[in-house]
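Each of the next two complexes has chain A plus one more chain, namely chain B in the first and chain C in the second.
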Partner chain A sequence: MTQLPQQLINGVWQGAALALFAMGYTLVFGVLNVVNLAHGATFMWGAFIAFVCVTKLNLSLWYSIPVAMIGAGFMGVLLDRLAFKPLRSLTAGSLVMWAGFLVLLTGMLGDWSPGTRRVVILSGSVVLLAGLIQDFRSVRPLRQREVPHLAPMISSIGATFILVSLAMGEFGAQVSRFPMNLFPIKPYQLTSNAVISPIQALVLVLSLTLMIILHLLIKRTQMGRAIRGIAWSERTSRLLGINVDFVIAQTFFISGALAGAAGVLLGLAFNRLEPTMGHEVELAGLTVIIVGGMGSIGGAALAAFLVGMIRVLSVAYIDSSFRDAFVFGLLILVLLIRPSGMFGRSKVSRA
Partner chain B sequence: MRNRLCFLLMAVVAFALMAGDSVCLAADSSAKGLSGEIPIAGVWSLTGDAAVYGPSQKNASELAVDEINKSGMLGEAKLKLITEDDRSTKEGAITAFDKLIKKDKVIAILGPTLSNSAKASNPIAQDAKVIVLGVSNTASGIVEIGDFIFRDSLPESVVQPNTVKITRDKLGYNKVAVMYGDDDVFTKGGYDVFKKVLDDSGIKILTIETFKKKDTDFSAQLTKIKGLNPDQIIVSALAEEAAGILTQARQLGIPDSVHIIGGNGFNSPKLAQLAGPAAEGAISGAAWFVGNDTPGNKKFVEEYNKKTGSNPDQFAAQAYAGVYIIANAIKNAGSSNPQAVRDALAKTKDLDTVLGKFSFNEKRDPVHFPVVQTIKNGKFELFK
Partner chain C sequence: MPDFLSHNITVINFILINMALGLSIYLTLSTGLLSLANAGFMAIGAYTTALIITRTDIPLGVAIVPAMLLAALVALPLGMLVLRLRDVYLAIATLGFGEIVRIAALNGDKVVRWFSDNKDLIVFNGAEGITLSYVTPKIVLGLPDSTWPLLIYLLVVTYLAFTLQNSRYGRVLASIRQDETAAHTLGIDVVRYKLLAFVLSAAIAAGAGALSAPVMRVIDPRNYVFSKAVDILAYAVLGGMTHWFGPIVGATVLTSLPEILSFLKDQRDVANGLIIMISTIYLPGGLVDPKMWRSLAKFVLGRNTSGSTA
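Up next is the complex of A and B:
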């Protein structure tokens, strides 16, 4: 039993980081009814943006975390506009954006001299930005589409591949790591048999803070009200004069920023950054949001802690080989007893 | 990404050239012994999980081929080295072997990097009667695949007993905790050997914990281990996971007096790079050590440094020695016929290599003396 306090700490801080990831995941699902499988790739890019800030730009970590969050947030918006929105309503702006994006990709992947490369990337970005602005301003789309639910999911898988390949091209397939001296390795002694390292404490504090901020944002602000409105009925919200596409962009920004924060924090805690690091957390995150109830933010947070606890406790008291079996066992159990998840409700009451 | 495109182009050109060459070679070699280009290949994990090992193997094999070609060791003949990336996967290794055997008609393949891949790809070479010299496969069941399969990497079953014996003499421990990756042939094989050695020497195993490839979090297992107060922790893992284990062990406050003792996976300078100060005091059994007093070792370390700007690791040394062992067999056989070279290779005895006096035993496993090393100030030192 002596290991129990320490195992609880292990479970809590990891649960907190997982909760950050899962809340953004479930938020987008709640609003759009789309499983954004590229959420893990956004998570990975958040970690790498902070990595670039710290190693290349010599920013301090305290600036790097917000920069990574904002960067990942914008990545979320771009993701929506490039991969999801054209499936809902196609505008001239979307087409311009895609053209810009393709130029950007050519610039990044092609075998150019550094000068040409910079010009191609820059012009691609400018076109992309122009398309984005045009897309935001457009009132009447070229085509309003009714695509099956599967289409956006497949398109998010495609986005994952693009984002992961870009990271591989930029940072290589090898493991990158933050400089060693960012955090002292020596842990704080909490009780006689429980310690927490500074980075784990940071993960815990920052995650809890962001969770509270998100809660206030959704429950107390005009934007949160609009988000909940769209989650309830997009059509009604539109009739009431809510700029639906703009609110969806905001949702993607929040979701991306949360994924980015989770990426930086877990990247720091394990000091292991690689382009495929999103895959595993993606799976864990999916489990969490299903267990918590698709679309329920509080449910996702609670389920994340639950999954974190089950992971450590199954190792502590049963057998480490069966760790994942217990996590997915929980998933099946919840699906059997309450297919809508612990806090999942019908669409009407979710709002 | 640009490099990859470049590489692809180069590879395509190389294949085109090779196809022409190998046809000439077949005619030449039967007529007047050694001449022309003798195609050999290296299959390394240049990307993917094991990408910490592959690049040093590639660099070292290129270095050795250059030296051999310059020295005129094979008379008029020159070695032609074709390098393939197996992406650290079985499938990648199988594809690479297929291409090298059917298209490039190589007589010998060095690699693949991982034992896991070797088990899948080596039977292809055995069927085609092409020599495989594993230079980093240490799991059991590799050379058993067939009589064309050799390796110059000491198996864990030779290195580990030595590691346990020497460290126990110096540190005097009686109870240990064991951790291993249970989804990889190499780390599982390392665990089996450790378990047997520990049981044989009467050391008590307090707990056995497992993890999976690509796991990042080991705190639950390590917390459990910490609660049991072991004298040492024995770990069978690849470098990336090992680095995570080392770091998290120290984060959880497991004292420095508890050393983390590992197998072959620890023997990469990347371990110290990835784990930083937490890697201090990690101990591992190895086939080679950078300060070894073996023939040609000093020159090898210098040349490798000149080529890559960093010290070679054990995997580089084994790949380097591997090329020399094959070249020596080709020279002794006086032919590039795979069967003749195989027979000459099997007779290799007391050959001077950077690994020391090198021989193959009747099972085509290597025979030379292992060492035990420890990390001090971020560098490998001989464990004393």
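Up next is the complex of A and C:
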């Protein structure tokens, strides 16, 4: 039991990073009622964007983290516009975006000479952007309908395939690591038998800061009010003159940026980046948002600490291979006792 | 055996397995249950059969029976617990079940050793899984003897799905999908029918898993992860969920696609993902959507018949 304080600290910083991931996850669910299964892929790309910034562009870590967040945020917006928005309302702009996206992909993956590749990628990006702008401006969709739960889930699975294999192509299936000298290693002594390394402290501080910023953003700003309005009723918000699609895009940006931050931080803390790193956190994140109550940001944050703690403690005291069994045991238990989660609105199901 | 068959026999075997899996999830989807537990039940079937045929002389055709029964026995209490959940919640709870099955297979030996005196006992063999010895397939009536059971099983399952669609039972399931409350007020025992569909679906998935054991030869937990559950769902969604023929087409397309696209080498997954995305966006009813084909036929042939239908 002497190692208990140390394990609690590990649980807290891992829980904090998990909370970043899960808050973005639950934010999108709250607004759109959609489980974005590509959230794990955005997480992974956030980590790799920071990796490229540090190793290829020689940026310092302090610039790389915001760059990764912005990059992952835009990835979230593109994801919405390519994978989710066409299901809700298909516009001419979405068709143009898709055409641009396909050109971009052929440019990236095809067997071209460097010059041609640049031209193809550039023209694809231009078409993609033009379509994006057109999509934002359009008011009269070609098709609009109620989306069943399944379609967006499947569509985001397709997006995950694409994002993961693009990362495979770019960085290889092996583990990539940040350079060792990036961060001091000497741990701080907290108590006689508990230490925290600088990187873990960074994860904790940065996660908590971002959580507070998100809280203020949602509770205190006009944008946050609009997001909450749409989560409550999309139709009413639309009637009140809120640009629903634009607010949804903002939500995806925030969600992606948070996933990106979580990706960089966990990537740094474990110093282990691989294209499939999103899968594991995806499942943990799903548990967190259910336990916290789908759509509840505060609930997700608390549940993330709980899940982080359970994972760390079950590794320390029982057996590492049973870690996820405990997490899913908790998941099923919560679903059975209180399907709406700890803080969810009780609209889920009647027995 | 014709060249085409002998070259592609592995792919064909997997198409047959995946068709049966697609039909198993079709059964729950057509009741309006978004259950992702089928990969877990498939694992139960595969492990049970692999253990039986490696340890005894019982043939595959008999070993499939306990596999299916075991899955049904697991599905019954599980269904009682989770079927009151809906939509995404049910999906995630069943996903959790799948993960628990995988973790159980991974750590089964540790548990077995607690109860046994033999501390080196190997049953599930953890991450390495159970390996079946290679048997050169014999050709029976133009097909290898590993393909025949799959084909027969698929025919039985397809017949079941086909009769289901047009039977009273099928209509009841469809009514639960369309409006559970209305079905309930009409005197349909919604809970019982949901449970029946769930257990049947579990047994079908376990049967497919059981027959897949000799084809895969290595039964290890990695074959039954999250992505397998998602693959199975994708067969039904791509093919279409309103007709039993949908999952069959979906499984064929998605299983053969990586082979057809093999010229793309490393970019196969990108193409796979694109096809999944484009088909969900532009073909919302799936490839086999009677409504879509009917309106398409009307559009193409409409010039002649418009007078009579108008």
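Please note the rule applied: the second predicted complex is superposed on the first by the 339 of 351 C-alpha atoms of A that agree within 3 Å, B and C clash if a C-alpha of one lies under 4 Å from a C-alpha of the other, contacts with A are read in each partner's own complex, and residues count from 1 in each chain.
As a convention for this text, contacts are C-beta pairs under 8 Å (C-beta built on N, C-alpha and C of every residue); 3 or more make two chains touch, one makes a residue touch a chain.
This is a predicted model, so every value here is computed, not measured.
Contacts of A:128 after superposition: neither chain B nor chain C is touched.
When the two complexes are overlaid on their common chain A, residue A:150 makes contact with chain C while staying clear of chain B.
Of the two partner chains, neither chain B nor chain C is touched by A:268.
Of the two partner chains, chain B is the only one touched by A:6; chain C is not. By the touch criterion defined above, A:187 lies against chain B but remains apart from chain C after alignment on the C-alpha atoms of chain A.
Using the contact criterion defined above for the overlaid structures, shared-chain residue A:109 touches chain B and also reaches chain C. In the superposed pair of complexes, A:320 makes contact with chain B only, with no contact to chain C. Contacts of A:169 after superposition: both chain B and chain C are touched.
Look at A:197: by the touch rule set out above, it reaches chain B but stays clear of chain C.
According to the touch criterion, the shared surface of chain A, contacted by chain B in one complex and chain C in the other, consists of residues 109, 165, 168-169, 319, 321, 324.
By the touch criterion given at the top, residues 34, 81-82, 84-89, 91-93, 95-97, 99-100, 103-104, 106-107, 110, 226-227, 230, 233-234, 237, 266-270, 272-278, 280-281, 284 of chain C touch chain A in their complex. Of all residues in chain B, those touching chain A in their complex are 1-2, 4-6, 47-48, 51-52, 182, 209-212, 214, 216-217, 219-221, 223-224, 226-227, 240, 243-244, 247, 250-253, 273-274, 276-278. Contacts from chain A toward chain B in the complex involve residues 2-3, 6-7, 10-11, 14, 108-112, 165, 168-170, 172-175, 177, 180, 185, 187, 189, 193, 195, 197, 199-200, 266, 270-272, 276-277, 280, 311-312, 315-316, 319-321, 323-324.
Considering their complex, residues 35, 82-83, 86-87, 90, 98, 102, 105, 109, 145, 149-151, 153-155, 157-162, 164-166, 168-169, 279, 282-283, 286-287, 290, 294, 319, 321-322, 324-325, 328-329, 331-332, 335-336, 339, 348-351 of chain A touch chain C.
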